[in-house]
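You will see two complexes here that share chain A, one where it goes with chain B and one where it goes with chain C.
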Partner chain A sequence: MSSHSLAGAVRSGAGSAPRARKAGKGVHRSQITGLVFATPAIVLVAVFVIYPIVGTVALSLTDWDGFSPTRTFVGLQNFADILADGTFQASVVRNLIYIGGFFVSVVLGFAIAVLLWVRPRGWVVFRTVFLIPEMLGPAIVGLVWLRLWQPANGGLAALGDALHIPVLASSPLASPGGAIWVLALTQVWASTGFFVVVALGGLQSLDPSLLDAAAVDGAGRWQRLRYVVIPSMRPFLALMTMLATIAGLKAFDLVWVMTQGGPGNATQLLGTYAYTKAFSQSDFGHASAIACVMVLIALAFTLLTGRRNVRDS
Partner chain B sequence: MTAEIRMPLRRRGRPRELSRDTIRFAPTWLSYGLMIVFFLLITLPLLWIAMTALRSPEAYAQNPVGGFEWRFSNFADAWNTANFSSYVPNSLIYTGSVVVLVVAIASAAGYGLARFRFPGRLAMMLSLVVALTVPFSSIMFSVYDVVQFFGLINTRAGIVVVAVAMTLPFATFYMRTFFLGIPDELAEAARIDGAGELTVFFRVMLPLARPGLATLAVFSGVWTWGMYIEPLLLATSDDLRTVSLGLSFFTTEFGGSNAPLICAAIVTIVAPLIVVSVLLQRRFVEGMTNGAIK
Partner chain C sequence: MFRPLRGLVAAGAAGVVLAAVLTGCSSGGDSGGGKITLTYWNQITSTDTTKAEDAIIAEFEKEHPDITVKQTRYQPQAQLPSLAKNAFRSGSTPDVVYAEVSTGRDLFNAGLALDLDAAAKTYGWKDRITPSGLAWTTTADGKLYGLGLESELSGVLWNTTLLDKLGTKVPTTVDELTSFCQAARKNDLVPIATGAGGGGWIWYFYLGLPIVNALGPQAEKDFVSHKSGKWTDPEIKTAVQTVFDAAKKADCFIPEMSTLDNGAAIDMLTGNKAVALAPAFTGNLGPVAAADPKSAYDFAPWVAVPGGKGQFNLQGMGSAFVVNKKSEHQKAALEFVDFMFQKDIAEQYIEKAGFLPPVTGIDVDALRIPDLFKQGADILINHSEDTGTTVDLVSSDKFNDLIGREGQEVFDGQITVDQYLKDLQAQWVKDKI
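On to the complex of A and B.
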């Protein structure tokens, strides 16, 4: 699931509270109808998303290889183990670097949106092209860039040789130190266009007469940007940052098609490390403990943004 | 600075012109320069893939970046070697089923949550919010258990139902927002005329929500088409793989030995996607901006 699944929903939770209260006033209306309409969606989400959250917590308290019928209860041992596991700690750090890649996308996306705001001739062409990576999806983007970064005979290694750029020629995707940065950079390529469009949507809601007023008062370009545009866009920047963080936490497809967490464990993020623990090492207990940490972070974020939405409205 | 101060004075009385100038944050040449740089950063890698797709493996091995040929046989080879004749229909089946189910279920739920108050409504909204942020990779082991419980491992139905459930939280909120924007008086008028709740929904509300349904269909379609981890987890059989997943397995198999073949496979998948994305981009952009503002 892509990162943007949050864009609408987070906002919709915020703006609609007063109107929802009005919804109860209808005449000739059976309120049970609403329950009937909502039931199919709720049942599916409860069975395939909410229950698995509980199931993951339960699994994290056991020692299970994925095959045997018995799941031994081990209490919080799995959590103690992963917290002491160097690869897990490094995965947390790498996941933060990866989220950093998304943040770069947010900043770049916002900057490009500001430049596209005046709708220069041909801007729709640019917007369309910037959205291509989003349309391809993270797995296909990963496969495209894998061709370019391929250590043995990839395009960028050859280009680095030809132009004498040592960083490219040394195939950083194959080096334990460089690979995570290559992935983060690829993610910037993949997600910047999405943030351009989100930021453009935000800028459209900004009243340009504010900027006119500032200009009449003598504010230059930089001052208008610094003191008018950025402060009025703060809710949008917060939303984009939140989307970036959650998307970085969810990251799997792009990393998995490019490195499967390798070389060694050098590009394991939380999601890929959990997957590796479970399916390569048949260690579902520790895998679920890592998964629980991810769920906890996601829930903490839901709470934080939920509170901000309440404050906004 | 002086230029900026003088400019508004000179244009006094023409506020529209002023706005266009005050939202210009870089000289035109600089804006275009940066846009063209970003444009090339997006397109050059894709063009390199397309160029490589037309070369022979031998020529590629000698020089991966230079050289040009017209070897169209790579495409036929890629199509015949990779199991595309099963991946493409699979992705079409998954995408079609998920779009239809998500649009149907989410519009009903969005309407129910927007327009009615009933016991458990808050709990439902809360679980949808939680479901919205939880990464699939963090619940996948337990999802596997549930799918196995229903006997749906290694079936198309299993993949579709999980994809639907993962898309529903966003889809429901999106449709709820849309229904909140439609005046309730229309539904009231229909009720006073004696329409039942189903009639109100199908004959009054759904037609009014058509633009929202279209945008939601595009979103869920794009996501489902790109779906990777769900079929990776839930299907071991090659016959059930999606285009992304199949392409990734194909790459792993032939990646080292025959780069042009892989690139031909990538072009086969990416070229139609780019055409579709150009056609759908307006709907996509509208959905993103509307969803984010409301």
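On to the complex of A and C.
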């Protein structure tokens, strides 16, 4: 490198310093502007998301009854208690069954979406009909199905009597062993429509040329579904699975309306058990500990599926 | 540069002054001479009762032209306890709340509800309200923190017309109960309708009703209020066992009762699909008589238990008025509460709302209410010493939840009566109440 070029480089370096400072100032100003615009969102997230989470964690370390002015710090005792609590352990297992119900909804939803995707006659009507339970909301769905399962005036019990189906006639919702399955089944009915719509959205975004190419190559319907449609739908299926898991994990409303976690504790899920602890037993410490465990499970699952999605992409 | 800011500050200051003036005009103090707005929260939601209460409040406002009652009703009822607790802790609103006795107790223990001892003397409540009525809202050391309006009896409501058709009478012993249940089943009738859905509260009564028969009213009161015995005592176990034997051995109940609420059970009774309703309350008597006028009914205690003291009803208290200690209108609030316990107002509550205020000197026979309701009212007003105490009103939330959930588990055969009573005793010892 010549001295001229070195000098030039030095000059250019000397000359670039103020520009860099200016640029630095510019970046700084834009950062402040950005921060100002983001402040309302940051405040909202801090107040409505971060503060409740921190508050719940703090409560989980106390024996607060939800009302008293005093609360005693108990360390991790609440966590030790719930992990040793048989009802909590059974709630985890039941929650898995319930999440399994959501997975059935995902599979059914996808299957129905594929059927609707080929646009049979009246497919728009079917799409709307499948979405009705989702539009009703879990509380109303719960009330309707509770009525159907009741032994005295319920339609299913009468049907069971008429057709001599003892399982229906004796209302399995009242059976400690059967109630959770009834809830899972009701939930399948309630949530399948949502997954139909999500899957249909995914299917409609598929590039038709891929299917045409596969058809030209001699792929039949089943092969096109298996080797083109399903692989192309993987991101949607992953999303549906994640939504199903989180919905199953935080399930509350439908179960509370139909059984309040009963008979006894036979349909307690993590959400209903946390609610029971807090509002039926005035035991906010243990309730908050259960909520923290739920958050940890959801976080672990989201991280796992997120990492897998990144790897796949 | 600061001109806009100055303008903003000036506008803000003007707003504050205006707000202060308006606030001063609208609320005022008890002694300020202005019109007072008394805020009143309650959980009365049934149509007949709200109509009756609206009329009573209108009457109060007519007698007290300086007071306007701003009423807010909460539904579902479960909302009010937590709302009232938070509201009392954060300020002076509401001035008066009408909520569960246990909510009043919690508010008083937290120093947020007004001590009513002085008011009781001023208004003569101890002469006008029955001792058992006042006892529900009195602490162990004798402090009055509220006034309960809805005394109630619990027992079993029998359709005697159907019993006649079955050729039997109201059962009074375990053997008679077993025979009756068999006869009812043979005739495709549900012997006893029970709605165990809605949180398991019915088990408070399925424990209490046989226990009061085993121990007698006074001993039962001592047991639940002063922990004078143990849940694992043999006489308690014998008493409680009668309920589960009626379920398992005599098939008296609906096996799927956990899917039914109390309303569905009442419908079964008035629709003549069931012969009896248990637990039944004095509040049910009027509506049942009105819904099924062709049948005759009898309100009776649970069957006598072997080795027990006889047959008795249980007494409870629905909800109570509690005054906010931070209320700016305490005098008006006390006037309002006192008004509700005047004899003519109490009679209106009985006739129009189906409530039974524990007010002395009411001539039950003169009231325009169904005879069936008179039967319960007479026991409550004139023979309340012959009744036991409902356990949930003197127990912790955790204990009550345990009664409900494990009671259902015994019914479903998941745990034994021994385990149930052992668990209750363990929680009973832990409770600070």
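By our rule, the second predicted complex is superposed on the first by the 254 of 313 C-alpha atoms of A that agree within 3 Å, B and C clash if a C-alpha of one lies under 4 Å from a C-alpha of the other, contacts with A are read in each partner's own complex, and residues count from 1 in each chain.
In this section, a residue touches a chain if its C-beta (ideal position, glycine included) is under 8 Å from a C-beta of that chain, and two chains touch if they have at least 3 such contacts.
What you see is a predicted model; the values in this text were computed from it and never measured.
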item: Touching partner for A:Gln150 - first (chain B), second (chain C), both, neither; value: both
item: Touched partner set for A:Gln281, first chain B, second chain C, both or neither; value: second
item: Chain B versus chain C as contact partner of A:Pro263, first or second or both or neither; value: second
item: Touched partner set for A:Leu35, first chain B, second chain C, both or neither; value: first
item: Which of chain B and chain C A:Ala113 touches, first, second, both or neither; value: neither
item: Chain B or chain C, by number of chain A residues touched; value: B
item: Contacts of A:Ser171 with chain B and chain C, given as first, second, both or neither; value: second
item: Chain A positions touched by chain B in one structure and by chain C in the second; value: 146, 150, 152-154
item: Parts of chain C lying in touch with chain A, wherever the complex brings them together; value: 78, 82, 85, 89, 106, 110, 196-200, 254-260, 264, 267-268, 273, 396-398, 400-401, 405-406, 408-409, 411-412, 414
item: Contact footprint of chain C on chain A as seen in their complex; value: 66-69, 146, 149-154, 170-171, 173-176, 259-266, 276, 279-283
